[in-house]
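Below: one structure, written as structure tokens.
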Amino acid sequence: MSVFSSLILVLVFAALAYAGGLAGSSRWFMGVILPYTAILVFLGGLSYRVLRWAKSPVPFHIPTTCGQQKSLPWLKWSWLENPQSKGGVLLRMALEVLLFRSLFRNSRAQFLDGPRLRYGEEKFLWLSALAFHWSLLIILIRHLRFFVSPVPRFVMGLEAVDGFFQVSAPQLLVTDVVILAALLFLLQRRLRNPQVRYISLFTDYFALFLLLGIAFSGVLMRYFFRVDLERVKEVALGLVTFSPTVPAGVGPLFFVHLTLVSLLLIYFPFSKLVHMGGIFLSPTRNLANDSRVKRHVNPWDYPVKVHTYAEWEEEFHDKIKAAGLPLERE
Amino acid sequence: MFMVEKALVGSRRYWLWVGGLLAVIGLSFIAYLYQLSHGLGVTGMSRNVSWGLYIGQFTFMVGVAASAVMVVLPYYLHNHKEFARMTVLGEFLAVSSVTMCMLFVFVDMGRPMRVFNVFLYPQFHSVMFWDMLSLSGYLLINAAITLVSLHAEQSDLHPPRWIKPIILLSIPWAISIHTVTAFLYAGLPGRMSWRTPIMAPRFLASAFAAGPALLILLCLLLRKLTGYDVGKKAIQGLSVIVTYAMAINVFFILMQLFTAMYSNVPGLTEEFQDLYLGTEAHTSLLPWGRISLLLMVVALILLLIPKVRHNERTLAAACVLVFSSLWIDKGVCMVVCGFITSPLGTITRYVPTLPEMTITLGVWAVGAIMVTVFYKIALSVEIAREAPAAAAYEFAERSAAAGHAEILSSPGATGGSHA
Amino acid sequence: MRDRVWIVAGLLLFLAVITYPFWHGVEARATSQPPVLVLPAHEKECVAPISYMRTSHMKLLLDWRNSVVRNDQRKYVSYDGKVYDMSLTGTCMKCHEKKGFCDRCHEYAGVGTPYCWNCHVDPALAEVKRP
Amino acid sequence: MKFTRREFVELSGACLVALSGRKVLAVFTGAKESEAASTGEATSTKKRLGMLIDTKKCLRAQNCTKCIEACDQAHNIPVFQNPAHQIKWIWEEPFDDLFSPAETQYLEKDRKDVLTPVLCNQCDEPPCVRVCPTGATWKREADGIVMMDWHRCIGCRYCMAACPYGSRSFNWVDPRTGLKTLNPDFPTRTQGVVEKCTFCAERLDKGQLPACVEACPEKAMVFGDLNDPQSEIRQLLASSYALRRRPELGTGPNVYYLI
């Protein structure tokens, strides 16, 4: 049910944007007001989320991640999983952010005849997630060509590498194909794997469909119903230079793309997509596993009134003795 | 599904080897970028010798890939159980060598950015289209077989039924890749030294000698480095195959030699003059051709002596001879030989350049790294399955990796924050 | 806590990077003004409507190229019935110059130089020596 | 024995497949065009362009390279000192190397070595077309020119291996580095593609003769339609003995040499 409702919602948004792109008055709303709102909500919301996380206490210094902490010399220390220094933590975090190592460990449980339970490797989730995120990053950097004038060299260079293969004109960009393929794979995985489907909610599908809608409208705009790039750049540059314009002649498909992107930006800080910021704050990733070499004291520890047995015995010494009970200390 | 993490743990020696290979690949990638920007003019190829080392290596590796059939066929069709442990190694070797083939073709292209044109505008009358189709099909088939059978082995399952017909399909398909590759050459009207129906049989014979010879060497190396033994019987069985194939290969060469020399037709004798006899003008390939022939004959004589074959040390030496002689024959001489005398009778020298050799070495390094990683994965699965003790050890290691064993092995680990 | 400094610093860094187009625009005093193109002096109309050319000139060029090279059809009948020679250098470049027209807009929109120019010669750049 | 409808359909299907086998084979060998040509019906409408080079006339003007210069100029052919990288559309070779050497054994040395123009033979059964994996080179139905699409060539150089005449050149380096002047009327090629003579297809479309034919001061090159019995080239071929290069390979070259 949530599959269809989220799909329909995205389609409705796209249709509204398309219709609005044809009409005159709503173009200003979709081309100026919505993007500005989206940027503000995105930046503000993300900052709010991150700052709130920063305020939350991290109660424990989590020593167990996934591997042997540095211990006795004859126990093999998995140094990458359990770094003791800041540099090591940085490396572990970098590998997590850049290569998704946690996802790499993803496994799949399977019941076989017997019944026997088997854990098998499942690398496709990791692979498609990696493909999607890296493609998205490259696509975002490539989009700087609309927002910066003159276009920086590294943007042009990246596009040249991305468009290495000479297929058609405008030249095919590999990331465009990869991102669509990866998103479709992730979607079908969610739908076809019963366990994953069971735990999937409206929000899971909505984010996927929104991203698919953005990628799809972008691809349509580039390869099939070409738009006037000069006009598109005028809109984008107008936004970042605070002199917004919506010139006539920008196709409605552009407004579909822009509107879906704006919606994603607005939705972003309040959804699971905010893991972009959260990943840096995962305690099992950003704390050094040095609890064996360093004493960690809770900074908010208040003095607890402790009444030891020795003190108690002292207090009631005479009474205990009078009762004829044994005493530890005479 | 693909158990990559098995390749991410290893000894110092393993990482040194992998690191070394990666360094070679990095270096050759720089050389490739140089070639990409300056054009294929940085190679030793020319207007007359328009294919060189790359396509030679491609042809040779197609043979190595096809040779997997020499372990698959006895195992699956004739139920040779002693090949059980070697089959997956052979298939992995095939996957790696087909990948190398594709890389060799790719680096040989003048406009690699248009590589998709082969799919976008398929030409059914071009042998190259069929060759590409058969090679990529072979890659897919072998990748599927190895993945599925390894996965089944790891989960202690019988492989799914549908894989059996695919395995059977891989047998004729292996023959097809080398046959179509031979057609690539044998179907050209103007190149007399290639235009012979014996091209495909000779390709197959030499492939079934060189490929299994390499597999024997790899198995011996594996036993020495890891202690994993495919079994003496398997190696002996394979050595018989190498012997027969080498004998047939030499026989084919002699047949070609007779036809050319006795008929004395200039176009036919050309090849043998270039390679073995030499005339005043044809000299650049002469030492290569002669060494190759000499090594082939010596290897064959060695292999024919049962004592030599039964002793694994001497067998290894013979296998080195087989592999290197056929590498020279196909990887260096065969392609260049067809070009050395141009259609207009000009004789052109061909010497590969440094960038060309670096790129070639890089593709070999890619193949080596693939074989290393694949064999490591295959071995860890096999060892876990066959030795319960090792499996238990691996279980401990895996659960440690999942974070369970820590508490057991290190009491007081959680003490820090409470103290 | 001490960590909060790092978190805030990281957040600020992120904000700085993500708003790059904004502060770069301010710094470079960029305007959204598109480039001024050198338009042909002696010709008023193109082989297709301007709006079509703006969005789809690459498609037209591909169609022309396939038509000429592969089908040996060299004549193009435009939307208003005029007949043109399908030729990049002969027809397009007769009116438009590469530097002032093609390049200026391509640079503005960050499209890069298409590989047309690997082979086709800009007449303005060629030292013409006709037989 | 009684056929059911289903069996009949299946059987006739099998027959159709068997019948079409010949057609399928034609697809693989690329022999379709020759079939059409040999039936004779198509020959009347389709042109088959060819060239006749009168070597005697050519010999008369010694050291003349006008045809080569005209071609180089018209097609932006670069000049490279390194013979490995040279691009040749029309060029000279010693007469002796063009044909089987045995046939010219007692010819005087200066006659043997006389430089004779060589170019693409625009074969009837071009091996280069048969082997090209992308269709970057093909035989034009209308006039038989073996054309090239430099936008599509991937630079695999299979055609160079296939051509028995050495008529194909590869751009080992950027051709513009070997060009002093650029002719804007014709594109240069990009690094990494194969090229060859196309009988000046672009000039023929404008009603002009090939550049080399036009430039020859001795009128030693005759260009025309081999399917037209009234054409000058057919008249000449009817009245004199002309040679073709390596016709025994079955490629059907369309460039003739008058001895």
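Labels A, B, C and D are assigned to the chains in the order they are written; within every chain, residues are numbered from 1.
By definition in this document, a residue touches a chain if its C-beta (ideal position, glycine included) is under 8 Å from a C-beta of that chain, and two chains touch if they have at least 3 such contacts.
No experiment lies behind these values; they were computed from the predicted model shown.
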Required steps from chain C to chain D (each step between touching chains, minimum): 1
Winner on C-beta contact pairs when B-D is weighed against A-B: B-D
Rounded Å distance, chain B centre to chain D centre (Cα mean): 38
Separation of mean Cα positions, chain B and chain A [Å, integer]: 42
Chain centre separation in whole Å, for chain C relative to chain A (CA means): 36
Rounded Å distance between chain B and chain C, as computed from the means of their C-alpha atoms: 47
Interface hub residues of chain C, defined as touching at least two other chains: 115
Residue numbers of chain D (touch at least two other chains): 190-191
Where chain A touches two or more other chains, by residue: 166
Contacting residues of chain D [partner chain C, same complex]: 70, 73-74, 76, 138, 140, 142, 147, 149-151, 181-185, 187-191, 201, 205, 211, 215
Chain A-touching residues of chain C, taken from the complex the two chains share: 1, 3-4, 7-8, 10-11, 14-15, 18-22, 24-26, 28, 30-34, 51, 54-56, 58-59, 61-62, 105, 107-112, 114-115
Of chain A, residues touching chain C in the complex: 43, 47, 50-51, 53-55, 58, 144-151, 155-156, 159-160, 163, 166, 168-171, 226-235, 237-238, 240-241, 243, 245, 249, 251, 277, 280-281, 299
Complex interface listing, chain A residues touching chain B: 60-61, 63-69, 71-72, 75, 78, 104-105, 110, 112, 116, 118, 120-124, 164-167, 291-292, 294-298
In the complex with chain D, residue positions of chain B that touch it: 38-41, 45-48, 50-51, 105, 108-112, 114-115, 117-118, 120-121, 123-129, 132, 184-185, 187-191, 338-339, 342-346, 348
